[in-house]
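Next, two complexes with chain A in common: one pairs it with chain B, the other with chain C.
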Partner chain A sequence: MTGIKKFWGRQTIIAAVSAAALALSGCAASSALNEGEEKPAADTGGDTVKVGVLHSLSGTMAISEVSLRDAELMAIEEINADGGVLGKQIEPIVEDGASDWPTFAEKAKKLLQKDEAAAVFGGWTSASRKAMLPVFEQNNGLLWYPVQYEGMESSPNIFYTGATTNQQIVPSVTWLLENKGKSFFLIGSDYVFPRTANKEIKAQLEAEGGTLAGEEYTPLGHTDYSTLISKIKEKKPEVIYNTLNGDSNVAFFKQLKDAGITADDITVLSVSIAEEEIRGIGTDILTGHYAAWNYFQTTDTPENEKFVASYKEAYGDDRVTGDPIEAAYNAVYLWAAAVEKAGSFEVDAVKAAAGGIEFKAPGGTVTIDGDNQHTYKTARIGEIQADGQFKEVWNSGEPVKPDPYLETYPWAEGLN
Partner chain B sequence: MAVVFTQLFNGISLGSILLLIALGLAITFGLMNVINMAHGEFIMAGAYTTYVVQQAFSHYVPAALFDYYYIAAIPLSFLIGALLGFILEKTLIRFLYHRPLDSLLATWGVSLILQQAARSIFGAPNVAVTAPSWLDGGLTIAGAVFPYKRLFIIALAAVCMIALYLYLDKTAAGRKMRAVTLNRSMASSLGVSTKKVDAAAFAIGSGLAGIAGCALTILGPIGSTIGMYYIVDAFMIVILGGIGSLVGTVFGALSIGMLGTVAEFWTGASMAKVIVFAAIIAFLQFKPAGLLSARTRSLE
Partner chain C sequence: MDKKKLGYWLFFIALFLGPLYLTEFRLALLGKFLCFALVALGICLIWGYTGILSLGHGVYFGLGAYCTAMYLKLEAAGGGLPDFMEWSGVTGIPAFWRPFANPAFALGASLLVPALLAAVLGFLTFKNRIKGVYFSLISQAVVVVFVTLFVAKQDWTGGTNGLTNFTTFLGFSLASPLVQIALYLITVLILGASFALAAALTKSRAGRVLSAVRDGENRVRFLGFNPTSYKVFVYSLSAALAGLAGTLFVLQVGLISPAMMGIIPSIEMVLWVAVGGRHSLIGAILGAVIVNSAKSFFSESYPDIWSIFLGLLFIIVVMFLPNGLVGAIESWKKSRKKSRQKGGTADAADSVVS
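Right, the complex of A and B next:
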């Protein structure tokens, strides 16, 4: 017994020492950060202006976020080659959020206080955005968030270049009701985006004459869908509205096909499957299903032709673009245009100048809405083809005005 | 009625998947008492091996033989998993046999390194494996569909289980392994080279994780983080089944599979996880040693 006691004793000492060391290094880091707090304004003294690029380069979300970093760096390079912004070259500072929400907040703080970044491009999950939001508001920084999300937010320090619900989910539900069937089965990962989105979808179904066959959530990273598929078979819906995120999609679609359900039997419309994800799931099991976005690699504009070509040239022929990648690319250009219009890198000046800024994006013209700092975007629905690309089956014609709180929809009253 | 059959089948199917995941850990954790957090990454290695074999077949083998890539991938996944396990045992684990906390942290570090290595080699996005066409579709009996892939995994889990049982019970090497895990110093004094046995046992456990990875490619995602999805379940099954008991691991896997699917059918996936965890915790209050525990005469 004494041996065991000694053994634990030594462990405890080591643990205590390393904990102390960690705590000390933590203090050192935070005191270094605090020094910067006196002048949070952007450092624009030299020939360059620093901006932050903050995505998960490791961990679960790296799968998606690495491409956003690539797109942002490409936009920065293009702008620099064109003479920069206000005559200054943009100097990107890349940080890794490591798929860990507190790390996002920590790194955002570092970018604002230590590097004095004029703007930060970053985030993917709503959880990472919610973690960074207070940091940007306290330090009066500027975050450009490039991914579609659940709406119901409008921070004065964030510009949202991805779609809010009324530019993606709301039109796609209407389209499904008109073209595919009235009976909906909602499945989603168990966190803020799917639950909020489904609340909105249910209200919309009720108002527009649809019915709810079922609503199911699975934990993030869930990989066994046999039981959920049994439930779907029992309820026999005409449409599955899919807000699963990440790897769960792979398991769900593989097992759905194994259970003998094809796109002809039940239409699945997804909101987080873009070209990149299709490659990881396998095109053979996705063919015939649908996704709602604002941009596809196949979107037919001259800007997109150039964008896809330079993306492939920079990162390899086997890479594909997709909606969030395009939105991340747009964000850099929109920020640069706002800075040029303001004639300054100051956050307040840039914000004041941003309203009405237009950019001919690969997915069609986008315009910043000065009231809520979202962008006007064209809604699109695409059918997945055997080559892993989308065939557009519907679009909204003209860019849709962003309405993050769904104020213009009577059925959405009381949702927020 | 079809639903009842389907759900019964789903329970067995989930149980067989869990068994495959946990079988390797039943050796490294159950028999050898090593808390190996990198076990999930051996599963990942098996999955990527399957992907590489598939790529190789599609490039270098006539298209008519493509469907057989999966047959080749199973033993290769085992070998790659076993090789990684062997290297890990020789370079790290053997220094940590009596330091459970250190091995927990060190193998967790190894798991992060392996994940990042996979990301550097194969890229951050998931890769896709096309299941062989002879596994497409399913058996339809009385309106219930039994997918061939799930039937195949049930068979594979059974084969692995039987092979492991035969190895441990009927071969000299297997008996030595059991002798060492039951009483290390006694086995050693009777002339068993415990170092060799340790390395072999760890390699076999890791190889079984590789096979699990190969099997999972036909049902789930293949990416650098898939190990994390299965590691907790694997530990849970070994602890529930009873540390040191392979038969217990089988019962553990099947009961968690059954309970999980039934609970998910009546509630939802998130709630089912809660119910399963709560049931396990409650069960371990009454039987702390698990369903079946190995009895030894050594003094603990």
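Right, the complex of A and C next:
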């Protein structure tokens, strides 16, 4: 008798637990029938239009990506205050990519299929972009990616508002060769961006008369640079081209200074250190070194004055702006302008209308290149000052046409 | 008919009917969670039943996923070079990639490569009677080795970006909702079959030896059994299940990168089993589904602070439900039964894993 009771009890429990699990996993199951079967399209039925904001709000990338979310939300607020897009208010749906690439793919899918977002602003690392790319292509969504990256990509469903290599790395190498020296030492974190960037730099050095003193990679998060600095001391390069990312920069610059190497001995030019990172690393050990970007907080335009003031007002006086933050802000305005021009939120119409769209951005006018969906941007090089800001020492004068595959550079022929 | 079995049948039938009551997006999520459940099932076999705590199952999951992803990548390249090789400066497909153009080879390898690695690693450690926390540490070291290797060999593995952007599997478009539903159903069937296999194993003579190894390895040895071969066998089986899960994951999610075989995912896998109940196979499956559902649900509802809720869930389980959800339900039932029939048999001591 107890046996039967036991079995029935067990079964009820299993059924109950299964039901609970299913209910949890399918928390939207009840609305299944309402969502319909047709291909997801922008949901523009009401007075609002939904857009996704998908950055890492937790995990290792949160420190960088939270600022991008803030900039995007600020742009959305400004546009809404100004009457919205096509008469509709923009309704942002914020999701956390959690510094985890499958999560980025999962949330992108959610934003496109469940929320029917007309556009998604998001991503930082190349890995997160690569993870989202097939989702956007399969669902014919629209992703605005705001960070400088290694190039060699041009998806029909992605707009790239950050720099590609010919708007940041290539001009900075030329500038270094002309002003700082011929002998380069390349250091980088061990992932796709540094390795690809260095491949391009090596080809460029060969073509433009530079020499390679060394090339070293360390894992992300690496903090012991004594061996690497000994190698640098032995090779005596004139320039260190730095593609390290994150915490490693703190350790590297500190140990470089402790080893007695100052900016006067060897110039270090970095491509992943913006105002935000300078705050984290410490200005004392960075002063006198250089960084290549398309925008600095100190960039002198009327638009930037207003942008910096609004950003500080919204998020606090201690916050700083920076290149990716500006590119994220621009992305929202560029999308809104393309929608206005298209007269529609439909992805294909917006894409068709986007070519040639201009925006007077804080960092100077940016224009969408209709062919590769990147933007024309002004290349800039800045010297880090004691107050944690940049002093611009060079700019390209006019916006540079994006060339993600480096097709206009003869030395890059073997790279793709 | 066994009533317990009926419950299991109902559970798997409910999963199988998922496409009827879940949206495309939720179904894809559940499909992903069921892949994780398959890993959890394997971990339950070695941890709950045999007492081997592996903190490195991400490697087996990753290896299985990469084997299949290599095939998918070659198929997407349509006979040419995969895209990431092109921009890494590789001129020809590396020799070890070539056999993966054959789907049967790739799928076979996704089971056998993890199983073989586990067999070698298991043989070397178990034979030398390395166990407990020392084995766990070695399994973590293996994770570090593989992640470093996969990141550094960017021209062969895609580096940190991993392998993604696939188009077809055996000629079927992976973007098609019907193909995704079919893959989901296959996942449910494989999970059900693996569950039945694991249940049969734990009830068999070999299964009893495994439990005995957990509770007193030396006694097993003195009785004339060789614990090493039993442990190597179950460890390899568990690795093969993880590899199989990796294959199903990559087909449904369309992405694998070294981050997914790292230390954190490897520990998360053990957490799923801990939450569900490490002494119960169905507990492990439920744990994986519940933890991941909670993660998705919390992060959708509270994108800023969701990780606090998830952390809270883990702390509650570890502090108040040391044997997981299923363990808690069972002990509650036992105590209720005991209070009804005074003088019942005493509880069997719950062994804590070394």
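FYI, the second predicted complex is superposed on the first by the 380 of 416 C-alpha atoms of A that agree within 3 Å, B and C clash if a C-alpha of one lies under 4 Å from a C-alpha of the other, contacts with A are read in each partner's own complex, and residues count from 1 in each chain.
We adopt the following convention: a residue touches a chain if its C-beta (ideal position, glycine included) is under 8 Å from a C-beta of that chain, and two chains touch if they have at least 3 such contacts.
Just so we're clear, the structure is a prediction, and the values are computed from it rather than from any experiment.
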Once the structures are superposed on A, label A:E234 by its partner contacts, choosing first (chain B), second (chain C), both or neither. first
Given the touch rule stated above, what does A:I281 touch, chain B (first), chain C (second), both, or neither? first
Touching A:D190 in the superposition: chain B (first), chain C (second), both, neither? both
Quick check for you: in the superposed arrangement, does A:W101 touch first (chain B), second (chain C), both or neither? second
Once the structures are superposed on A, label A:Q255 by its partner contacts, choosing first (chain B), second (chain C), both or neither. first
Quick check for you: in the superposed arrangement, does A:T223 touch first (chain B), second (chain C), both or neither? first
Touch test for A:I63: chain B only (first), chain C only (second), both, or neither? first
Check whether A:A75 is in contact with chain B, with chain C, with both or with neither, and answer first, second, both or neither. neither
Going by the contact rule set out at the top, does A:I325 touch chain B (first), chain C (second), both, or neither? neither
Is chain A touched at more residues by chain B or by chain C? C
Identify the residues of chain A that lie in both the chain B contact region and the chain C contact region. 7, 11, 15, 58, 190, 217, 219
What part of chain B is in contact with chain A in the complex they form? 3, 6-7, 10, 13-14, 17, 98-99, 101-102, 115-116, 119, 124-131, 136-138, 140, 145, 147-150, 216, 218-226, 228-230, 260-261, 264-265, 268-270, 272-273
Which bits of chain A are touching chain B when the two form their complex? 7, 11, 15, 58-60, 62-64, 66-67, 190, 216-219, 221-224, 226-228, 230-231, 233-234, 247-251, 254-255, 258-260, 276-277, 279-284
Seen from chain C, its contact residues with chain A in the complex are 2-4, 6-8, 10-11, 14-15, 18, 21-26, 28-30, 32-33, 86-89, 148, 151-152, 154, 158-162, 164-166, 175, 253-255, 257, 259-260, 282, 286, 289-290, 292-294, 296-297, 299-300, 303-304, 306-307, 325-326, 329, 333, 337, 341
Chain C partner, complex, touching residues on chain A are 2, 6-11, 13-15, 17-22, 24-29, 31-32, 35, 57-58, 94-96, 98, 100-103, 105-107, 109-110, 113-114, 125-127, 130-131, 133-135, 137-138, 152, 190-192, 195-196, 199, 217, 219-220, 414-416
